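So that you can tell them apart, the chains are marked A, B, C and D in the order they are listed, and the count of residues begins at 1 in each.
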Amino acid sequence: MNIKNGAEYIESLRKLHPRIYYKGKRISDVTRHPATSPHVRSAAMTYALASKKEYRDLATATSHLTGHTISRFTHVHQNVGDLIKKVKLLRLLGQKTGTCFQRCVGFDGINAVYSVAYETDQKYGTDYLERFKKWLIYIQDENLMVVGAMTDPKGDRSKGPADQPDPDQYVHVVERRSDGVVIRGAKLHMTGAVNSHEILVMPTTAMDDRSKDYAIVCAVPIDAPGITMIFGRQTSDDRRDHRERIDTGKPIFGSVGGEAVIAFEDVFVPNDRLFMNGETALTGALVYRFAAHHRANYGACKTGLMDVLIGAVSYLTQVQGTDKGSHVRDKITEMTHLAETLYSSSIACSAEGKPTPSGAYLVDTMLANVCKQNVTRFHFEVARLALDLAGGFIATLPSQYDLESEDVGHLVRKYFSGVEGIPTEERMKLARLIEAMTGGTALVESMHGAGSPQAQRIMIYREGDLEKKMKLAKALLGVPVKKRASQKKK
Amino acid sequence: MNIKNGAEYIESLRKLHPRIYYKGKRISDVTRHPATSPHVRSAAMTYALASKKEYRDLATATSHLTGHTISRFTHVHQNVGDLIKKVKLLRLLGQKTGTCFQRCVGFDGINAVYSVAYETDQKYGTDYLERFKKWLIYIQDENLMVVGAMTDPKGDRSKGPADQPDPDQYVHVVERRSDGVVIRGAKLHMTGAVNSHEILVMPTTAMDDRSKDYAIVCAVPIDAPGITMIFGRQTSDDRRDHRERIDTGKPIFGSVGGEAVIAFEDVFVPNDRLFMNGETALTGALVYRFAAHHRANYGACKTGLMDVLIGAVSYLTQVQGTDKGSHVRDKITEMTHLAETLYSSSIACSAEGKPTPSGAYLVDTMLANVCKQNVTRFHFEVARLALDLAGGFIATLPSQYDLESEDVGHLVRKYFSGVEGIPTEERMKLARLIEAMTGGTALVESMHGAGSPQAQRIMIYREGDLEKKMKLAKALLGVPVKKRASQKKK
Amino acid sequence: MNIKNGAEYIESLRKLHPRIYYKGKRISDVTRHPATSPHVRSAAMTYALASKKEYRDLATATSHLTGHTISRFTHVHQNVGDLIKKVKLLRLLGQKTGTCFQRCVGFDGINAVYSVAYETDQKYGTDYLERFKKWLIYIQDENLMVVGAMTDPKGDRSKGPADQPDPDQYVHVVERRSDGVVIRGAKLHMTGAVNSHEILVMPTTAMDDRSKDYAIVCAVPIDAPGITMIFGRQTSDDRRDHRERIDTGKPIFGSVGGEAVIAFEDVFVPNDRLFMNGETALTGALVYRFAAHHRANYGACKTGLMDVLIGAVSYLTQVQGTDKGSHVRDKITEMTHLAETLYSSSIACSAEGKPTPSGAYLVDTMLANVCKQNVTRFHFEVARLALDLAGGFIATLPSQYDLESEDVGHLVRKYFSGVEGIPTEERMKLARLIEAMTGGTALVESMHGAGSPQAQRIMIYREGDLEKKMKLAKALLGVPVKKRASQKKK
Amino acid sequence: MNIKNGAEYIESLRKLHPRIYYKGKRISDVTRHPATSPHVRSAAMTYALASKKEYRDLATATSHLTGHTISRFTHVHQNVGDLIKKVKLLRLLGQKTGTCFQRCVGFDGINAVYSVAYETDQKYGTDYLERFKKWLIYIQDENLMVVGAMTDPKGDRSKGPADQPDPDQYVHVVERRSDGVVIRGAKLHMTGAVNSHEILVMPTTAMDDRSKDYAIVCAVPIDAPGITMIFGRQTSDDRRDHRERIDTGKPIFGSVGGEAVIAFEDVFVPNDRLFMNGETALTGALVYRFAAHHRANYGACKTGLMDVLIGAVSYLTQVQGTDKGSHVRDKITEMTHLAETLYSSSIACSAEGKPTPSGAYLVDTMLANVCKQNVTRFHFEVARLALDLAGGFIATLPSQYDLESEDVGHLVRKYFSGVEGIPTEERMKLARLIEAMTGGTALVESMHGAGSPQAQRIMIYREGDLEKKMKLAKALLGVPVKKRASQKKK
């Protein structure tokens, strides 16, 4: 691991020169700009934990390629234990940052591409896995952060890639050369993009023969020529831009993952960084495996966030003198119950993980989809309960400027106090943290990250094996299991 | 109605000189300041509708005191028809503004105080109703906006008013003079306060004999000496403060009701503006009636907001090409179902309204509590469904500065487009409206306005008449209805 | 009202000779057979209330045809007050019987056919309304019970009436004569059929020109030649058949509505009893109006049942010594809340009722659908909460034979006792009542009676007026309201 | 394993002579009596699977005491793999029987008593573990079925064991002799009791010093003198008693676990069968460990039942021609999602299992409680969705006697048919299976088995570690972690 801790990670970013825009202006240093530096700090935590003895077992792994000690975020899962450690690492990071630490996207991309490259080679006689291993050893040894880039803009969603009026709505090859390809298009909602070192480009959906140019997997340095990033707006982001100590709610870390658009305006990719190039047969598997790994994560990191939120609300009820109420305890119980239900699915899909032909382990895909589906429900409910217990002042609290005002500061201090002995400022900080964690961007990300709710439902239906279940029922009833002619026609 | 339309209302505000702070600075003109003017415009809609023929039946009423045509918002409900018209007016205003128009708080305060003043006079031999009528005729004839001021800061919530370490945590009389009283304390979360003409102060809870000084009802001009207001922060309020055309989501109207703290630093109130002064017996009734009226409203105005939100999401799915999906239609159906369920309770508690001894009509209190309780659940679920259908870009969309940038504007336009023929800007506007209506302040207000969820549950339990229900069950079983000795002891 | 009370109603049934089967055997006297008599007694309550002064205002009405005092169940709603009184009457009957009293189906059929006959006459120049009025006056004056017969068997549900392999899967005309028609087919799930006097046959869905023979509305005496009924099984119906005093749970009244199949094996209907005969245009309206009235009812009668259930559970928690628990009170609160939410929709759709062209009032159809949709959710949840509070012995309680056994009666009495002073038998009765009201038939009926959940969702979507809602959103955003060319094509 | 398969198990029961009553009469042979034989057959499946090669890995284990191959149901979990295999075995058995197979209660009792006996010996210097091992080797080698007997009648639930007016409301020692003790009391809801060989008696709650006589753990043969069982009523049990082939819904296996009361009327227990006798310190741990194991199971066996139910409903929609509907697929998806969410918790609490001091593994107790809590919600929702898709005829279907009737059989066959080519009888069987699995006893058992919902909530709150969570929030806010004086007082 060349980059050994958070400070070195931050230093490494300063050597890169990606083209990033935010609110119409270019960002010159992501590690210092108020919009991006909180996200840099969250990602840095993934490096920091690896340098601390107590977390090393979770935060590092041994490379199956080199035998080196590497960051777990660059590891290819070799067994169920790896999958479970990942889950525990993600919950821990969620607890430590209270937000997205971004690095699991590239992690999941690495694992999905690895197993698919193996199978593509088997099917097409290509050598993608060897290329990929070389690149991966580089990532592991340097300890780089990779953004997994899957989601295309999609334009008119009633049409597939090949039928879009604008062919660039999905990333595709626009020129093929002997030494590589030129790609065009964009990837949206790219978590951690602006503070990553490398981009791992993957298709966003299964491709058919009409869409061969869209079946492209490759690695691109974050500051390769032709790449432009636009950093997205977040709820109440101006507070952060103004470095408001209290009102951001999160004085150190960011809200969600610092998502950005990555536009590829005719970017050249040399052959040794190409890991799929037109072989459409495995695109579906690639998307599905990436999605499964990523969906599994949400029951871990979001549980970590909920731990923080439950803690914040519990303490706030103490500050307000309501913590003994039976309905307060019942709601804390419910928040805990929902959080642990989510965590269960993350653990379960890992415990039920199985090896792919490449040897890389894959989570149980049914349970991973179930996990993410519950996130899209329970995170909102946990937020709702938190806001219920916190009280209406989450919506009406004066600003920290008022608290600090000579004219009205005394009124804010007096009338937003709680039980004796706790400074009003503390109550305000709690309110702002809860505000930041329960509304807007934070919840939308939970809903749509790793795939929208309907994407999971389609997979749950497909994997439900209704044929087997119908046989179980028929067996209990003594009904013939064979389909009748009338049904076969259907 | 001296003030005849929205423009005159805005003009009237310019003549007042309330002391208002926001982000540490004083606001000199609420009608022009970017933080407050959107809220002024929403409230102005309550005046505007009264001047339009098609809405006059809903927006005006005939004063039972003077026979004059008055704004419905200053009316004392005379029958079930009045209660139902109120509901329809509120839904209409929600549809027209997509936000809180603030004026129902004073409206409900007027109705609660009216009936309670009557009964206080009956019980104590006082003349509060006559005083109140005089003040009310002034409000009706001038067509003033009144902020109903009930919620106290409460400090340590495990203690009642008389046991607080700081006696000012509930508004109370600190000095009694022959010509009036001096009050001190504060009211929090005061909807529409900064753009109201008058404050109607009411106690926040039932008072006992130890808390006589807290049993105070009175009217105070918004700019009376000793009054200071602090305008609360809202989610993403900086966008509004910068007058960002697209990114505020709501180019004209505000988010929620522009809530503010009203601090009373020894404010003198003359006798003719005192409508309760130490008569604790009716404080519980006052709070309960105000709450019932106000809880009934939430199934009306929030339904109007949901109408807007359903419309925005429906149109966005058209823009994105997803509107034909069966799961899309099912979620639109669910949003509609929940909205109309809420509306049902508002209509029902009005249709079941009954006269108080004063003649003023009161909604059915059980159904009004049921109404608000459902708001605290369904508004979150409707928002969740809206965000589900809208898509992840709600959380990652670049700013309007990027859209307008010479450097990256073309990328935003290209990669955030939807179906052919609809400008990207339109899709962005929809996204920002949905963002503004589904996260943070907007939902917190729905949760806690008119009383927190637990407040309604307490009332639902109390009004459930379990004794009667137990008799019904016993009758069906042939079990003796009388309680046995063993039970009586309990 | 020729039949003046419950006893006369029961007497009247003994004069009829319908052909009814149950468990393979013919029932000779529905008023005495253990399977049917409990249902007879529930229906008799609709007659009984009309004879009691305190309920007369709800239970009777004045015929708009004759001016006679009639049972409300034979009345054509003349105004909003009628609609609301119906709701209150149904809740009252639910409270008095704890079950279905069956008579609202014919009531709703009468109201739907009345308004449709008027419009059919307008459109086709027929005289159906006059025929119907004559029949209705007979029903009103005699005070007969009418079963509204709509639901056909449907066979292969992926096919419409005209495409069924077996044409009899929907009731249709098989022969036309000068003096009438001959019909064949069946109606399923016919509530109250076996103890009704008359059948009002209606089509089950909108018919097109290929299905003219299926567009038939007519009245048939319950014992007309060619009619056979088969009484359906109910959960634990053997206990009732054995007249088990305790274990039926309901010693007097039945579970649900005593549903039966009515088979029409070539039944002749004379012309004066035909109220539609091939005029397909209004079939959709007929179904929809019947459904709307009927869906509105479910928020009333089921609320009555929930009142009983809440009472039973409340008392049982007293018997068990758990009634002071905060979670117990919270669950009672939730049950009450859900019940009153349902009731709200029934009241609201009535308060928002409007006259049809015939003058007969129709409930607000959106809110009526919303009402029933909530029944299909909340009744299960209320049952779940009841079972939660009641305890596991609902599933394991020994029989009343064991209670009465010389060998083990002392053990049952000892080990199923609760707090001191209340006989074990009382606790057992409560358990059996709760068992009967929360499982199996009772809940299935709530789910599917008046239309399955999806039927309501289709209507809620259709009536949601998305065009209007999209306009509201566009207006707030300053987006042009007109559809663009690209959208019009869709 | 002396008993090697289902047939030998059944044979073994015929050699016992327990005193069992049902509907007031004594049952002489549980293997042949219609009330009990279906439950015998379900339990026999646990023996049958052990004899089949494909299931042997799940259904058997190697005794850590003897090295013998034993039934897994008599095994003490030695590692996480054992815990996970148990979960898979239970789901498999749920799929094979569609009901409770009863044997996990004793299994969990064995595991709880084992680890507690070890710790009791450590604390008190007793030799309970040695006694228990001897008994357990007997159970393992003979392959006996053990009923874990925990739930006491509890009488007045507002009072503990020592304060009951009737001291027998909790099982207790009434006489101490040199060679053993005499116990009195009863255990309720005893799953599988009537077809077990042995009873493992455990206290139902943590005991204090006043309740030493209630701190009793012991093993008793099912037909020991003084033991009487009363078999509980189940929903629609008469159909089973009449051996109705179709209408029972389950032609082979029973509904739930055949629960019974076990009354102990002064039963003597010799010393070598006593595993706790007055050592109250570990009673809480015993109850908690038993509950944790047992709660973990519910996410496994009930998932197996849901597999059957989903299969039955899926096939029924094919039979009815509705299987292509988008809402049908969506509801099947939801049922699957809920089932797999439950399964996740069972797997997760097993994967996170840890050794107790004795070496016996215990599931993660937080996740086990979460698992059962979800069962009490999701099983009802899955049942509701099944009934939604099945249709209203579940509540109104005529009996099989009608199907077989010469008079009306043709009508039943004709009017309850579905798509062409599938016999009506098959549709009826499906309906009856769904009826049996979704109402009454089946769901009540899911609610209360392994502890009522509130019991889990208390544990979830207790294990939530709010102190740690508050620290996480404080760390993110830079708020001092130490409690202030004012808070310590609380």
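Criterion: contacts are C-beta pairs under 8 Å (C-beta built on N, C-alpha and C of every residue); 3 or more make two chains touch, one makes a residue touch a chain.
None of the values given here were measured: they were computed from a predicted structure.
Here B-D and B-C are compared, and the pair linked by more C-beta contacts is B-C. Spacing of chain B relative to chain D, judged by their CA centroids, is 51 angstrom. For the pair chain B and chain C, the distance between C-alpha centroids works out to 39 Å. Among all residues of chain D, those that touch two or more other chains are 327, 330, 419-420, 457.
Taken as a graph of touching chains, this assembly is complete, with every chain in contact with every other. Of all residues in chain A, only 84, 95-98, 250-253, 307-312, 314-315, 318, 323, 329-330, 332-333, 336-337, 340-341, 343-352, 366-367, 370-371, 373-374, 419-422, 426, 429-430, 433, 457, 460-461, 464, 466, 468-479, 484-487, 490 touch chain D in the complex they form. Interface residues of chain D facing chain C in the complex, by the touch rule stated above, are 21-26, 151, 153, 155-159, 165-166, 168-169, 186, 188-189, 228, 230-239, 242, 247, 256, 259-261, 263, 320-322, 324-325, 327, 376-377, 380-381, 383-384, 387-388, 391-399, 401-402, 404-405, 407-408, 411-412, 414-420, 435, 438-441, 443-445, 447-449, 452-454, 457. Across the complex, chain B meets chain D through its residues 326-327, 330.
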